[in-house]
Amino acid sequence: MKLGSDAKGVYVIAPTPFYPDGRVDDESIDRMTDFFIEAGATGITLLGQLGEAPKMTLDESVAIVRRVIGRASLPIVVGVSAPGFAAMRALTQDVMDAGAAGVMIAPPNTLRTDDAIVAYYAQASKAIGADVPFVIQDYPLTFSVQMTPGVIRRIVTENAACVMLKHEDWPGLEKISQLRSWEREGSMRRIAILTGNNALFLDFEMERGADGANTGYCFPDMLIDVVRWSAAGRRDEAHDLFDAHLPLIRYEQQPGPGLAVRKYVMMRRGIIASDTLRSPGAKLTAAARGEVDYLLARLARHDPRAACGQS
Amino acid sequence: MKLGSDAKGVYVIAPTPFYPDGRVDDESIDRMTDFFIEAGATGITLLGQLGEAPKMTLDESVAIVRRVIGRASLPIVVGVSAPGFAAMRALTQDVMDAGAAGVMIAPPNTLRTDDAIVAYYAQASKAIGADVPFVIQDYPLTFSVQMTPGVIRRIVTENAACVMLKHEDWPGLEKISQLRSWEREGSMRRIAILTGNNALFLDFEMERGADGANTGYCFPDMLIDVVRWSAAGRRDEAHDLFDAHLPLIRYEQQPGPGLAVRKYVMMRRGIIASDTLRSPGAKLTAAARGEVDYLLARLARHDPRAACGQS
Amino acid sequence: MKLGSDAKGVYVIAPTPFYPDGRVDDESIDRMTDFFIEAGATGITLLGQLGEAPKMTLDESVAIVRRVIGRASLPIVVGVSAPGFAAMRALTQDVMDAGAAGVMIAPPNTLRTDDAIVAYYAQASKAIGADVPFVIQDYPLTFSVQMTPGVIRRIVTENAACVMLKHEDWPGLEKISQLRSWEREGSMRRIAILTGNNALFLDFEMERGADGANTGYCFPDMLIDVVRWSAAGRRDEAHDLFDAHLPLIRYEQQPGPGLAVRKYVMMRRGIIASDTLRSPGAKLTAAARGEVDYLLARLARHDPRAACGQS
Amino acid sequence: MKLGSDAKGVYVIAPTPFYPDGRVDDESIDRMTDFFIEAGATGITLLGQLGEAPKMTLDESVAIVRRVIGRASLPIVVGVSAPGFAAMRALTQDVMDAGAAGVMIAPPNTLRTDDAIVAYYAQASKAIGADVPFVIQDYPLTFSVQMTPGVIRRIVTENAACVMLKHEDWPGLEKISQLRSWEREGSMRRIAILTGNNALFLDFEMERGADGANTGYCFPDMLIDVVRWSAAGRRDEAHDLFDAHLPLIRYEQQPGPGLAVRKYVMMRRGIIASDTLRSPGAKLTAAARGEVDYLLARLARHDPRAACGQS
């Protein structure tokens, strides 16, 4: 099951659950995987930016990938971004051998010119093997690398293995429209566009032509509803649900404490056992936890899934 | 009327209205000024990042400042950030002579170390005159300069003229708590903290200890309500109103198209006559305008002020 | 006398001489101007990065330009980089009216993509007037903007008024070869390429196809010799002189203290009266001054022009 | 043999020799190691920025470290910089077990504030073990992280395991003077300072108080002479030799092609068999190779070691 340019729906970005002492919590991985499947996820992305991959050894990383692949019959995409192609190639081989559907590659934050970005993806695809489907991660807020639509078109055109864009540019709505316009007029091969950035613009991204979401908001079940309803033309319903979640989406989208918020809510929802982050990682202050509790209580008036037990 | 560390409420960041041919629209400036006053603004900030100052000549800039000061009996703060101290000093003298209450200074985006940031503000205060009250603009998302709470404390301690922080760090809630904690324990002089970043976290910023808002969202009247209600302990009401606006706040907060959204809505509200931006400036696509119209229509169900005539 | 794409030789980047109390030193400006002319400069560039332009008022800047133009019959290029097009346009009009031959424009350090850089120069040329010849300043070390050869070709092709490249990329030798290769094969209009970066690679830049130097090293007379000899095919002589100066070139090329070194040596050479920098500016420590003195003493063994009186 | 704060002399930054087909060339590693020892190196640093570490697998990296340690009785320092502490810890354990004397840690290029830099080194030292001596790599030109002298003092004070500074800030002379001044007055523990940046300022760095060099210029034997002579007070001789090499030092210091120049010259000198870089890596053009040949020919007039066979 290889990732293709027909991917759609919600590929959930999975966090990595740890026990309070820092060990990987396999039981929570299983429960979380089951939760994603039951919620209707169409795929899962492991070891992304918010999967705490840099804090794990290669062995731990590969073990997690194997565990999730063994449990889920969904396509599993694995983040393999690395400072060098040797490490990227090694991890890619391990996870593709284990049954991954494809890999996701973020650009190193030192790339500056259009040509440098395009060259990087060509080298990366060659390094991991031209038969390995890959996802471009376009997240300038985090990586400081700006890809114009034209650069993405060049990468897509030059690399047959490029099948998906994890779109998280900001602002990014016109970028989706531009790419889809080029596809319609035949000047660019069609790829899957799934959006990230904690879903902060998912409501309109779907209407601009996105195929779904590829992010890790603590209510992936909400993302799945919004994507389905939006695809089905139930515009107002999609926006109503989305807007109810927006105060929390915004809160979780903060770089730094965001992942701690995500894990805290997933713990409160019973999806994972502990909200532990491996060091170094932001900790929620009591004030922040109180704010999240308040946001959940308010959200529960619109979405009963938010009425999870207090911590 | 000099700006003091007891400033609070909403200091509206004013856009600069232009005629469709690019000339400054004095009539709209007057109408906008009146609107801010009637809405209950406690101050107005001119020539900020979103006031299109770099597109105006010095003469135009000073004329606008004079015009607003002549009409409003509120304290007027003027952005004087410049690549050199000569230009900063010249503009400061002009606007203080014209009756401004103080100035706002953003750090040049080349500053890197704590010492360099602290030294910059000391030099700037000396250059403009130690008797001119100034506001620190702390907006790393735009200026790429990261100020820790400790750096802000050093600036406040070393410069008696520093009376206010325009807080727009992201994430920024803990920064407010830290500064207020230092003030309480006596290790830092108290300053006014008004928050920006298009009010994306105004709801919680007030609860963390902010004195108000210093931003330019297209519904400053809403900001004023939220600040008042929050200060009065009407927490749920403040959040209810804020949340109703959040989908649009988020949309307007996008760098680039954000200012075009702001002017478009203010035009629709009848506050300014045209949503023209001087070149170079982002233009709203038809799709974006449609999205803003849709957001306004949805907002109008909660806030009648959004039921403004269609464009 | 308009700047054209046939410019060559040495366009000296002039510092701005100040009296110890910070006032502009007109007498030193005259003496310095005469020195450049007598040394054989083919042009002079004023208000560049190291001309301390941001520390001067607009009036002071224009007065300096008028003074030098009134004294020299050489083409005078003026740096007009500014955070906004209004200020750029105003300064350009003033200096072109005063008789300048053209202007130099550096990119704002926030530009990231190829398209953004190309668009910026198109907007700038439109803002200042398509009849005003301009120089691209390509200095990524200072401006953090990376222009590929392809980007420069696009700017040259789209803007008839672009006549010169101030080349100071690092590494930059292959860039010269690439541009000259495109010119030869007819895919790019020929422009003048004069090199900067304190002449650190002038020896080889000339051999790669540069038309001369556009920098401010404290021995512009040496630059003139090297450019002439290199153009005349006297390779070893050019390198011998260049190499003798390289220890000092390298020392002066340091960002920060570099300008203080330049002014100190020009003072010791009797070209300007004082090595004062306007605040804020780096001051040479006693240790640094001693190092420069030592370098000059060593250089004097090869180049008698370095045997200037001790400070 | 643990690295201590009494380190001095020249710790050569070793490149990694490859066969033309990209395999690690063990024979060249041995020859190169022997060459460094015979030349009088006091230590060797492996897997630094220019050791192409990111292009090697962990197994290859560790094998190289073992090979050099097995051959040389000098202290071996290993670069262990990594995007996460898990990988850093794993590599550190492997190389310390193999007999390394210490490790070198560069800051991730996302660090911005003083506190963030200080916290990073504290976390890193804790991650690798407080008993592992480490070297701070202070190279803002490459890493975009600016450490003031005060930040270095904080790192030294807070981490007993910090024994050396690889100083390659630019400009950097005053930084050495400042640190040595603090050490003399007792406000900072003494550490070893060895300088890098391809030795571009080694002549004066020694005079400011550096203990030696920690860089990889293609004539490490020259660095060793300059360090010795400078330490012995033979100032003019040290400068004469240094100046003769400066044209080539400058040429090799270019980021990008620099490593290709280094390997090319080391191949011409017979130290390594091939100048191959693993992909992706800059290749020298024919023009560049000709320039290096010319520089070597000129250098050979002063230093017979440069009279190596033509390629």
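Chains here go by letter, A, B, C and D, matching the order in which they are written, and residues are numbered from 1 within each.
Here, a residue touches a chain if its C-beta (ideal position, glycine included) is under 8 Å from a C-beta of that chain, and two chains touch if they have at least 3 such contacts.
All figures in this text were calculated on a predicted structure; none of them were measured in a lab.
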{"item": "Chain located farthest away, centre of chain C as origin (C-alpha)", "value": "A"}
{"item": "Fitting chain C to chain D on CA atoms, where both chains share a sequence, rotation angle to nearest 5 degrees", "value": "180"}
{"item": "Approximate Å spacing (C-alpha centroids) for the pair chain A, chain B", "value": "33"}
{"item": "Distance from the mean Cα position of chain D to that of chain B, given in whole angstrom", "value": "48"}
{"item": "Distance between chain centroids, defined by C-alpha means - chain A, chain D (Å)", "value": "39"}
{"item": "Touching two or more other chains - residue numbers and ranges from chain C", "value": "none"}
{"item": "Residue numbers on chain A that touch chain C, as the complex places them", "value": "112-116, 146-148, 150-151"}
{"item": "Chain A contact footprint on chain D (complex, rising order)", "value": "53-58, 60, 82-87, 90, 109-110, 119, 123, 279-280"}
{"item": "For the chain D and chain C complex, residues of the former touching the latter", "value": "170-171, 173-174, 177, 200-201, 203-204, 207-208, 239, 243, 246-247, 250, 254-258, 285, 287-288, 291, 298"}
